[in-house]
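In the two complexes that follow, chain A is the common piece, with chain B as its partner first and chain C second.
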Partner chain A sequence: MNEAEAIFLFAKIWGAIGACVALIFLTIGIERIDEDADGAYVFRPLLIPGILLIWPLVLWRWYILADGKDEWSSRYKPRRTAHHWIAFAMPVAIILVLVLGLSQRQIWPADFVPQQIAPAAQVSQ
Partner chain B sequence: MSQNDKPFFVGYFPIPGQLKGFLALISVGVVLLFLLAGLVIGSTQDDPGQSGFRFDYGRQTVTGVVELTPYPILRVTEGNDLIKPGKTLMLAAAGKSGVDARAAPHEGGLVQVSGIVLQRGTIDMLQLAGGQRGLSAAEGDTPEFDTEPLGRWKLAGEICDGKCLNGAMRPGRGLAHKACAALCLINEVPPVFVSSQPVEGSDFMLITGLDGGRLPDMAYDFIGQFITLEGELERRGDILVLRMDPETLEVIDG
Partner chain C sequence: MSVKYTPVQWNRNKWLYDGVMLIGVVLFLYVFLFVSPEILSHEFPINPQVHNARAFGAAAFVMLTVILCIGPLARIDRRFLPLLYNRRHFGVMTTFVAITHAGFIIDWYFAFSSSNKFEALLFANTSYTQLAGFPFEVFGVFSLLTLLLLAVTSHDFWMKFLTPPVWKRLHSFIYLAYISLVAHVSFGILQDQQNHTVTVIFIGGALCVAGLHAYAAWLDLRKGDKPGTEKDGWIEVCKTSDIENGFAKIRVLPGGDRVAVFNQDGKLSAISNACAHQNGPLGEGKIIDCLVTCPWHGFQYNVTNGRSPAPFTEMVPTYNLRLSGDSIEVQTQANPPGTYVEPVPLPDAKPQEVMA
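Moving on to the complex of A and B:
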């Protein structure tokens, strides 16, 4: 299995779990953590794509909210301490990616002559 | 200088005098930097080639027989001034999507298709209009078409998506286009192999799995990279179809 096959498999498993989470959360879960969702159904299908992508976060927040452990104020705590380093790291990363990309370029195999290995079988569709 | 006297730039206030020189230097520097970066990066890119949407032709409507390779192609039976009978067109929908689901019920049948031509070299694609306007069953005799086997070949080149390669994006190939090509192929746009040199008169060929099925998942790892591979080649109308052998796929060094 190469990287592409692994990514496809991962995406399928991730999406399948996400679909299960979406089904359960949107039918029985959402009303338990958000009283405004009680009796409101039309908007729920709109949440499916998001839940498919970030279902672990949905499960985590569902658990936190349902268990009464939510600290709503922490969501507004600024996270500026990392910004300084990220501001430097991003342009450096962009330059590195460009340099690496240009240095790792392949050369178009213009000299390669197509080779017929075996003649055509006498078969026609 | 105390903390209160330190000049502070606020976009909607007049620029502090002590910062004007610095601001001018940075502004000119950033413009020059981007100009230089554009020149350097642009000069390293390959020529995207003569390709693109032919909106200047207007919408083209032709009749033909749908074949699934498994990617849908149209063998034109009744053309127009631009697309002659005998021409073979790859088919795609708008955006990053193919027309497999729309074409499958018409496999082997006569249909009328309508859309915008994308053209590159010897290979053409038609981006179908939506719904019945783009593809609908047609009445008439359905001719039978032969597939001409051309044997097993070893080729060098690159796997691309047929739509971007044909000019939906410029450049529509290469490593920088890998992610876009993967998305197009996942959404059933026909994949195309670009050969290093012409094979049976064509640089481009539709590429499928060895069994005539879809491009195997493992091949997505090599999209946009220069590779060698072997496969069974066949001619359908005026396009070639390569059934790649995944076991033979190798990345070219350098």
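Moving on to the complex of A and C:
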């Protein structure tokens, strides 16, 4: 098994567990932790892809809400202060990536002879 | 706002927003595919599969660029706030366009391998130790997975379930996704771009996102909400004459929370500045018919008790207020969401203002 096959096996296992979590959460759990979901069924299939992807987070929040450990104050914490460093770091990263990308172009000068930079791709079998 | 969850909450504004967006996407694809192939380096013969892949890829990049410009633009100039209103639908549509791009690519470049085509995508190029010829596909895969994650967690249920701060942090991955997308293009198609119309659009778009975010953050640092100084559990917000009728003053509390103190017809009330929906800045909203309206998505709250009008059930915390001389002070400890607090009358409020 190569790395790519291992990654896809992991993704399949992750998705299978997520499917089990989705089945139980959407049929039994959701009504117990969210009164707005009581009697609302049509929207539930929309949640399946999300549960498949972040089922550990779903299990954690399900436990917190079902156990009454949810603190109301945590819902109102602003994130705008934390947003500042993103707003300054992102432009730096974008410019860095652009410069690096442009620096690797092989068409300057015009008479540059293209070079083989890597061996031919491997095969999986 | 919803009492019970529905698959998609539509209203006239959302139909209009989505309609304009859809027309824009179709127009972009039409121009890319049929109107101006020569300025997009398509004078060389390429098959329809690659042509379509490039069109949808370019559309996804432009859409994500526009999405990321909306936030800082709305902070710089409030006239852009309507664009923020239905940005989630914009994001979901971008995800579909990006998936279409990936589908065309995988079904052309990797579908003829004897291996699984998705596995072939990962092992076709493994030159991770060098910049030249770096496997740019992996940047695209990361961006696509992130867009997918954000799209599938875009329903209002997820915001309530995860809490708005966690949901917003999860959706902050969009910034990483965009950087990754810029890398995907820089180390991908840009390496072979002969005609520079697309190059200019790409670099211009990326620099636009970078510049707008830096400028908006710089403005926020200069003119943004100011922190208050705590004394015995209370902080001064402003002078009694500083709050215009119908509007609010915002202060940052010692713990980092923001409080919005409103003047409603000469009476003061304080609620959390963070909307229960997406933590939008309630203090930047105006009071209409005794309710403050969140400038982001239109959620409304009674400022005296922090509750949305029936039948809606959203609530935000309230704060106690007092006057100290000509200063307005707020207690740093919030009351539980929905707690009624008797409004504090301004000493110099004219009788008709109070009556109004």
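Convention: the second predicted complex is superposed on the first by the 89 of 125 C-alpha atoms of A that agree within 3 Å, B and C clash if a C-alpha of one lies under 4 Å from a C-alpha of the other, contacts with A are read in each partner's own complex, and residues count from 1 in each chain.
Methods note: a residue touches a chain if its C-beta (ideal position, glycine included) is under 8 Å from a C-beta of that chain, and two chains touch if they have at least 3 such contacts.
Small disclaimer: the values here were computed from a predicted structure and weren't measured.
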Practice task
Scan A:61 for contacts with chain B and chain C and give back first, second, both or neither.
Solution key: second
Practice task
Answer with first, second, both or neither: which of chain B and chain C does A:88 touch in the superposed model?
Solution key: second
Practice task
Please indicate which partner A:113 is in contact with in the superposed arrangement: first for chain B, second for chain C, both, or neither.
Solution key: first
Problem - Partner chain(s) touched by A:49 [first = chain B, second = chain C, both, neither] - result: second
Exercise for the section: Please work out whether A:36 is in contact with chain B alone, chain C alone, both, or neither, and reply first, second, both or neither. Expected result: second
Handout entry: Touch count on chain A, higher of chain B and chain C
Key = C
Practice task
Pick out the shared contact residues on chain A: the ones touching chain B in one complex and chain C in the other.
Solution key: 2-5, 7-8, 98, 101-102, 105-107, 117-118, 121-125
Practice task
Spell out the part of chain A that touches chain B in their complex, as residue ranges.
Solution key: 1-5, 7-8, 98, 101-102, 105-125
Fill in the blank from the handout: The answer for chain B against chain A in the complex is residues 41, 44, 46, 146-157, 175-176, 182, 195-199, 217-221, 225-226, 228, 230, 251-252, 254
Exercise for the section: Spell out the residues on chain A that touch chain C in their complex, using ranges where they run on. Expected result: 2-5, 7-8, 33-34, 36-40, 42-43, 46-47, 49-50, 52-54, 57-58, 61, 65, 70, 72-84, 86-88, 90-91, 93-95, 97-98, 100-107, 117-118, 121-125
Exercise for the section: Show which residues of chain C lie in contact with chain A when the two form their complex. Expected result: 2-7, 72, 114-116, 118-120, 122-127, 130-134, 148-149, 152-153, 155, 157-158, 160-165, 168-170, 172, 175, 178-179, 182-183, 185-187, 190-191, 194, 203, 206-207, 209-211, 213-214, 216-217, 220-221, 224, 256-258, 272-274, 276, 279, 313, 316-317, 334, 336-337
